[in-house]
Amino acid sequence: MGKGRLEAFSDGVLAIIITIMVLELKVPHGEDVETLRPLIPVFLSYLLSFVYIGIYWNNHHHMLHAVRAVTGPMLWANLHLLFWLSLIPFATGWMGENHFAPATEALYGVVLLMAAIAYYILQQLIIASQGPDSILKRAVGTDWKGKLSPLVYLSAIPLAYWSRWISLGLYVFIALIWLVPDRRIEHALAAEKG
Amino acid sequence: MGKGRLEAFSDGVLAIIITIMVLELKVPHGEDVETLRPLIPVFLSYLLSFVYIGIYWNNHHHMLHAVRAVTGPMLWANLHLLFWLSLIPFATGWMGENHFAPATEALYGVVLLMAAIAYYILQQLIIASQGPDSILKRAVGTDWKGKLSPLVYLSAIPLAYWSRWISLGLYVFIALIWLVPDRRIEHALAAEKG
Amino acid sequence: MGKGRLEAFSDGVLAIIITIMVLELKVPHGEDVETLRPLIPVFLSYLLSFVYIGIYWNNHHHMLHAVRAVTGPMLWANLHLLFWLSLIPFATGWMGENHFAPATEALYGVVLLMAAIAYYILQQLIIASQGPDSILKRAVGTDWKGKLSPLVYLSAIPLAYWSRWISLGLYVFIALIWLVPDRRIEHALAAEKG
Amino acid sequence: MGKGRLEAFSDGVLAIIITIMVLELKVPHGEDVETLRPLIPVFLSYLLSFVYIGIYWNNHHHMLHAVRAVTGPMLWANLHLLFWLSLIPFATGWMGENHFAPATEALYGVVLLMAAIAYYILQQLIIASQGPDSILKRAVGTDWKGKLSPLVYLSAIPLAYWSRWISLGLYVFIALIWLVPDRRIEHALAAEKG
């Protein structure tokens, strides 16, 4: 089975997730600039989640690049990932509207954690399907970002009840370390051909 | 006529259906974890429908794999299927918000039944177009899942008025038997080539 | 310039239009079957518009099949068509919620009329670009459906103020004559090759 | 890395942005034509933004035509552009519902300005990646439209507080100068081959 339709469906779902998030930014009823002020936390949480979905799209794109044949379990692991990502608009809206209140930040962390686990499962399935010479395995290498991220989410969840700024800072920090484009897979593929 | 645009359009509609369902999970106004509690049935009904749409996408994907030429009737049979699937977000939202009340579960069953019938019509049109040596016919075989599902939906509709748990259990049961990836079509295609 | 991205963008917009229409079918607050009754006209208007968008997708698909090179004016004629089609969910929702009241049916007719004109402009641009031997021109032939439809919409607009049933009947009638798959383009293409 | 998935994702996001804007055109509760009157400014702002998104889609389409390999920075520059474009439905809705009040027009200008800057960054990244013989650089030429537009937005922002009509007129003027299809890139590509 080809991977074209898996990519197309994933792209569609990710494009819709990233765009419906903006619907939480509800048009205010006044016409003054002042009426925008309560929307600032909603806007900031939208920006953070936009970056997270962008990172997932980017990494998903690279990961599938290394796939040759799509198996049944991969299809379901991919849907599992999309399920958790589809909850990001909800978690983002709740966090933004409540000015990063502890419980809302904790939920945001839970959704990010589950998405990270789902991504890891998909990655392991692809590596397993490629056998001992897996390109993806070499590309991922020590995968320190992939291992660090869930640990940070896991600590940010209880920390939200102590200080909302530390917890938010951790989510921003993880987004920043991923923003650097991940060239590992490209390098491994280039090494393969070279 | 090629099947690329039919797949692209179907993927688009399915991706939107699966994603707008999450809009029924409305952001609560409080900032405590307690405010999430009333959303639990909405979340569970979302999860069930996400799995159902995933199954349809998966099976649709496999079924079209076996199609060579798309005919006019197939285009309309496909739109007919998408029509019933497009009602799933509505039925899901009504069921979740009313804690799986009998009438809401019955409507959910009606929508699933109509979608199953629409899928069957599309499948028969494809088989008919392929003549006596139809790959899809061999792939589908006895089609026990396809025959069992509408019968179970049909019994779940009245049973919802007797016990909402039995009816819900039947919908979950059917989702589980389909979750096992359907390798019949792949096997038939492989046998064809082998 | 290739036509792939024009098709992909049009498919995306049409898939979203057809799916967001269902959002007008708002989840009722009661849990009885009775609470669905006021939704019946909304459901029927959704069904009618679903068929209309399906017809446009189908015919658009066939028409672009005959296109070789996409020109700048075609891109804008296509966006012009998508603009009027994007107003169908609004016109549908207004008509359904007000039980096919005269003004709402008249607006529905105006939107259908403008979409039909936009489709005609796009068709003429494609024919003009293909020169005297235009495949599309031969395929369209007398184009009696394309000529009849705007005339019927034009008469349905004032007739809505006289009887809402006659006007609605005319919209259903036009949908039915288009539902028959349009094989003219396929035949012309086949004749070309044969 | 190929550009197909970048185009597909961008098309998806642009198709959704252009279509969810119409959701701001909320179905009125009365059944008379009079109830549509308050929607006129919302409709006009929708029309303006539809044209702007259409222009961006069109130019984006042409610009990517000239790209051979997509780099990591291009992916993020593209997401940056999509981020600002995703705010257009919000700015449009606010402007339309408040009858083009000064602050709402100023925000609309800010969003257009940021999108224009993001587009310029993406363009420069592509030109830089193509080296001294960049096709896109020759195609863009003096880029007077690309240089004039942000200057006009920048002046329209404060002018909105002086006269809402002048500011709106400037946004319409810029849309009109871009509506003329941009053949520079096509010409440069044709010259390359010729």
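The letters A, B, C and D name the chains in turn, as written, and every chain counts its residues from 1.
We adopt the following convention: contacts are C-beta pairs under 8 Å (C-beta built on N, C-alpha and C of every residue); 3 or more make two chains touch, one makes a residue touch a chain.
Every value quoted in this text rests on a predicted model; they were computed, and no experiment measured them.
Interface note: subunit B and subunit C, two copies of one sequence, contact each other through mostly non-matching residue numbers (shared numbers fall below half of all numbers used). Taking CA atoms, the transformation carrying subunit C onto subunit D includes a rotation by 90°, reported to the nearest 5. Each chain gets one centre point, the mean of its Cα atoms, and the points for subunit A and subunit D are 27 Å apart.
Separation between the centroids of subunit B and subunit D, computed from CA atoms only, is 38 Å. Looking at subunit C, one finds that residues 8, 12, 15-16, 20, 23 touch two or more other chains. Put simply, subunit C touches subunit B in their complex at residues 7-8, 11-12, 14-16, 18-20, 22-23, 25, 27-33, 36, 47, 50, 54, 57-58, 61-62, 65, 179, 181-183, 186. Residue ranges on subunit C touching subunit D, taken from their complex, read 1, 5, 8-9, 12-13, 15-17, 20, 23-24, 72-73, 75-76, 79, 82-83, 86-87, 89-90, 93-94, 97-98, 101, 103-104, 106-107.
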